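Chain lettering (A, B, C, D and E) follows the sequence in which the chains are written, and residue indices restart at 1 in each chain.
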Amino acid sequence: MKLQTEDLAFSFEGRRIIDRLSFAVAEGEFVSILGPSGCGKSTLLNMLAGILPPESGRILVDGQEISSFSSHFAYMPQQDLLFPWKTILDNVCLYGRLHGTERALRLRAKESLPVFGLAGYGNSYPKELSGGMRQRAAFLRTALCEADVMLLDEPFGALDVITRGEMQDWLLGMRARLGRTTLLVTHDIEEAIYLSDRILILSGSPAHFQKEVRIEDRERNREWLFAQRARYKEIYYFLKGESDAH
Amino acid sequence: QDKQTPGGEEGDLREVTVILDYIVNTNHTGLYVARELGYYEEAGLKVNIVEPADGTTLTLIAAGKGDFGVGYQEDLTYALTSRDPLPLKAIATVIQHNTSGFSTHVSKDIRSVADFAGKTYAGWGSPAEEAIIRACMEQAGADFSTLTMVTSDGSGYNALEDRVDIIWTFEAWDNVAAELDGVPLNYMELRQLDPRLDYYTPILFTRNDLIEQDPELVRDFMRATAKGYEYAIENPEASAEILHQYAGTYSLEMLTKSQELLSPKYSEDSDAWGLMKAEVWDNYTGFMLEHGLIDRAVPAADCYTNEFLP
Amino acid sequence: MQNRHKKLANILLPAALMTAVLLLWEWYVRHFGVPLYILPKPSQIFETLVLERTVLFSNSLVTVGETLLGLLIAVVAGMLLAVVMDALPMFKTAIYPLLVVSQTVPVIVLAPIFIIYLGFGLAPKVLTVMLMCFFPIVVSFADGMEQIDPNQINLIRSLGAGRLQEYLLVKVPGAASALFSGLKVAATYSISGAVVGEWLSSDKGLGYYMLRAKNGYMLDRVFACVLVVILLSLAMNGLVRLARLVLLPHERGGRRQAPEEV
Amino acid sequence: MQNRHKKLANILLPAALMTAVLLLWEWYVRHFGVPLYILPKPSQIFETLVLERTVLFSNSLVTVGETLLGLLIAVVAGMLLAVVMDALPMFKTAIYPLLVVSQTVPVIVLAPIFIIYLGFGLAPKVLTVMLMCFFPIVVSFADGMEQIDPNQINLIRSLGAGRLQEYLLVKVPGAASALFSGLKVAATYSISGAVVGEWLSSDKGLGYYMLRAKNGYMLDRVFACVLVVILLSLAMNGLVRLARLVLLPHERGGRRQAPEEV
Amino acid sequence: MKLQTEDLAFSFEGRRIIDRLSFAVAEGEFVSILGPSGCGKSTLLNMLAGILPPESGRILVDGQEISSFSSHFAYMPQQDLLFPWKTILDNVCLYGRLHGTERALRLRAKESLPVFGLAGYGNSYPKELSGGMRQRAAFLRTALCEADVMLLDEPFGALDVITRGEMQDWLLGMRARLGRTTLLVTHDIEEAIYLSDRILILSGSPAHFQKEVRIEDRERNREWLFAQRARYKEIYYFLKGESDAH
């Protein structure tokens, strides 16, 4: 297993948010985490990324326990969080800036800009880009980290339906190219079905994984997605049942 | 409160306002004595005494915000020679001679103006100050350009030991306070340095239109005021006690000492309290003109009058 | 187009109102024959300004020098204190009320103490400027850092940044805009700070000039000097705006955040 | 629980730092034998404070009276001006720079003019307070109204509100929070404003007391008076906070917006 | 026709946003307007609500031309826009406050609170309510206007999937009760299908109506909605084609 957690737990101000959370992700697997608002999805990613320390439990990568910041994870937060005072190129090369590899990274970044649909925007400031472009830049920043697990926290949450659909198509295309183990947090059932090998449903209070849906199909596109109604319904009603129970 | 309308609840007393030059001190004793002992009331006056905003007394009297002011000859000369002269006239001098001078700390061993070279002087930023010191130093053959002139921080003689070397003091006030405080000072009286510098300080003055429209009021006020100063001359201790009621922040000891020094000086060398001489006005006006402090002379007759003194 | 119209209005409208006020003032003084020693005519003030230009200019140089030095020290010290306050919340809690309280102590009380410890030279005036400018700089910068999106800090931490890099890469640049707002206020009042310092003790500078003019009942000169103080204050404000444009290129041409900034 | 701890820390930490500063000061004065006319000992200041308590109290009443009156006028006039500025953007563009400029004119130049037009009584002091408080009130209230979500105004218009109702129901209550921020700053400095006014011309009040004490070289009294000024300034600040709690019930117990407000 | 527009046009800063826009809504009809972000949907509603004046063209209600604010429309904006300084009851009674009928309206509002799931919250301040409750309060404020056309601008845009689904279910239930002509602006294809009699697709620049989808079914529920894949696909691809074309 690439990534494993054992009995993770976390509390905010004495309230237990996450409890006895154990799961495992295989090398190269794309796993989505679905769950109602406020259930603790971001908290979980923050613990993995080393931003929040777990209250108890362990996180293992390649079987080795890690604590605090580790270079195994590349984290992409809920908003794009590009720094408005840096150009796109400086933004996407932050990792290099922090780890003394800026020069090499800039070369790679310049090569990658067209792939991410940002050709010619390296010296622009974030405010000059559209929402989708900013999101792709944030994605590039994450992709340029020398890490083997990507943690994506609702990367498309702020986009409108069509742009969102386009970004999903694009990410689907990138999956093969990047080939990296990925953990995606999302609200959107369709998005989870479209992109993942496996969907974990996190809910309850304190939260833990309540359900798992495997999606084996390899050939995917929108047509395929529109055919997944049964899965969609299953998840929708499950979540609704969960939220009615509280 | 600046109206001289007769009447009010207190019978037929006319109300007048006096604006001082500075916070209450022994220069003002006669005014408080006259008020306290009822001399003003006898003259049919109800007198309010106001302490001014820094350096605004002449402007306020000219603007009619008060009737009588305490000021300095030099300020009045400035006011009368400015582009739009203030309509004011001196009606008495409080002290016959200039009792101010330069003070230095004994430890600095500054014995004469000639020693001022290379020293620091702290004053209040009047152009005349600079001219006077320049004149005195040049007369003594010292190089004025080596003197540093700054405005005072307000700590008076206390500054003399370390921060500054020379300040301008009033003998009957600052020097008395310093003596009580145990600060030994060397004192150079201004009038000894140059007779032209024996100008009047402080003076009483009023507005020209008050003189024209209500000379009786001015006369009544001056009669009572002169009586107050006469009393102070005769009874230094008792008048210091009266003043103490109004200047409670100062010790009675200090006021008494100051009063004892000042009482004999109020009308030193003069027939009566308050009388002024044209020569004194002309001398100092000449000095100011000579040093470019004013750009035209003003005749003494325009500056003062003795006609309201009893 | 519309934008240029707006910019023009931003200059023309205040100028028109100012002219109206000056004309009214001129009329008032002439009509009621207000004497010079109470209120000079605007025309007379401008005349004096022209006549006295060389003296005012040389005194301005002194005042501007003190101001710039004081402002520079205030910026450096203020930013450092703000960073320390941000890094140590306990310290911030402890010192913030004292900073506020310190602002209520009249300068006039502090002036003699400054002179005692710093002498009569440049230092006490520079310190007066610093005291006036320090507070808005510290407050705006500290608040700016406090209001930075914690997610931005989390992001940079997740990329492996340490404490120092957190400040260099996120907090300082992120709070720069807020800092400039405070700085603009500070700069606008900094000239007045220097003038007050000179008024209290000096032998040169605009404050000294003004004091002397006042003691000589030359109110036209006093007001001409006030005019110079106002113009210099506006120039300092402009200087900060310019510095902002140069130092924060990403904010150029952006929407104005608070439409009517000082 | 945690919240209460925080509140306690908000009081204890500044108090501790203050005590440390005072102890250091006391030690410094004793150890180097600094004379009274340069810097009094804190212990001496407290002693004087106790001895002079009745005089200080009666003078405080005068100063507080002037302050409250000035603040009240500034609030009413400032709010009115801000509303007019908001309703007439041209007027706002025209007057805003003049408001800023007016803040750079030294009070000391204005003092004789105040006295000439207002006499020696209460009025010039009240006006000094007003001048000091007016600017932050106008600016904060006008900016608060400007920053109201235009959608809220659209909403109330779509419900059929006229111009007056737009102000009464949306703009004024919506900008109340911003107004209180400006008011807090204004109130904190209002006491100093009254003191400066009294310093310039008065026969009672804390400013007058301080001036006399200073001219008598009684620095312990000066500092005792400064202490009273500081305490009253803090009390004015507290008063505004209290008014906010009473007048804006919906903000009670809410998250603090800017964590370290003045 | 209850509501009709004739050749409406509007420009912002010289740029034509909406052009030659004509459409009609029958009494009691529920019409949704779908369109990409920034195409001018809110601008259209603002013109109807009398907030923005049309550049040219006419708006008719019951055959009568109207201009500026008219009491025919009850407008519910994109955010809840409850005034934080007013209690829920005061917020929902704003219309009465403005039209001198506050007392009568308060009685009606108090009766309606439970229907809108707000029982017992009349004296609370908005910040004490959850997102869904705030949205329902904003809805009640709109419903209490004495108007015959409701204009809803993405009323559920800020809510998460589940709460959004619940609000849609609730609104579907309310439709019959309110029986009012309604114009709903939304991003969400599913939402439009779920709630409307007719969907108008607004796009292009300047924008005008490009397509119309009628939905005749009367009996609706989630099950029915999940069966509408064909419609969903049709609209999705249409919008996508439109957005690719620009």
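Here are some notes:
The criterion applied here is as follows: a residue touches a chain if its C-beta (ideal position, glycine included) is under 8 Å from a C-beta of that chain, and two chains touch if they have at least 3 such contacts.
Keep in mind it's a predicted model, so treat the numbers as computed, not measured.
Contact count check for D-E and B-C (C-beta pairs in contact): higher for B-C.
With centres taken as mean Cα positions, subunit E sits 83 Å from subunit B.
Centroids built from CA atoms put subunit E at 50 Å from subunit C. Chain centres here are Cα means. That of subunit B falls 39 Å from that of subunit C. Contact with two or more other chains is made by no residue of subunit A.
The set of subunit D residues that touch two or more partner chains comprises 38, 108, 112, 116, 214. Counting only residues that touch two or more partner chains, subunit B has 59, 63, 154-155. Interchain contacts (touch definition given at top) occur between A-C, A-E, B-C, B-D, C-D, D-E.
Subunit C meets subunit A in the complex at residues 149, 151-152, 154-161, 165, 169-170, 173-174, 176, 248-250, 254.
Contact residues of subunit C toward subunit B in the complex are 35-38, 111-112, 115-116, 119-120, 199-203, 208, 211-212, 214-218, 220. The touching residues of subunit E, when paired with subunit A in their complex, are 36-37, 160-163, 165, 187-189, 222, 226, 229, 232-233, 236, 239-240, 243. On the subunit E side of its complex with subunit D, the touching residues are 46, 49-51, 69, 71, 73, 75, 77-79, 81, 83-86, 94-95, 97-99, 125-127, 145.
Those residues of subunit B that touch subunit C in the complex are listed here as 55, 58-59, 62-63, 75, 78-79, 82-84, 86, 120, 122, 124-127, 148-155, 163-164.
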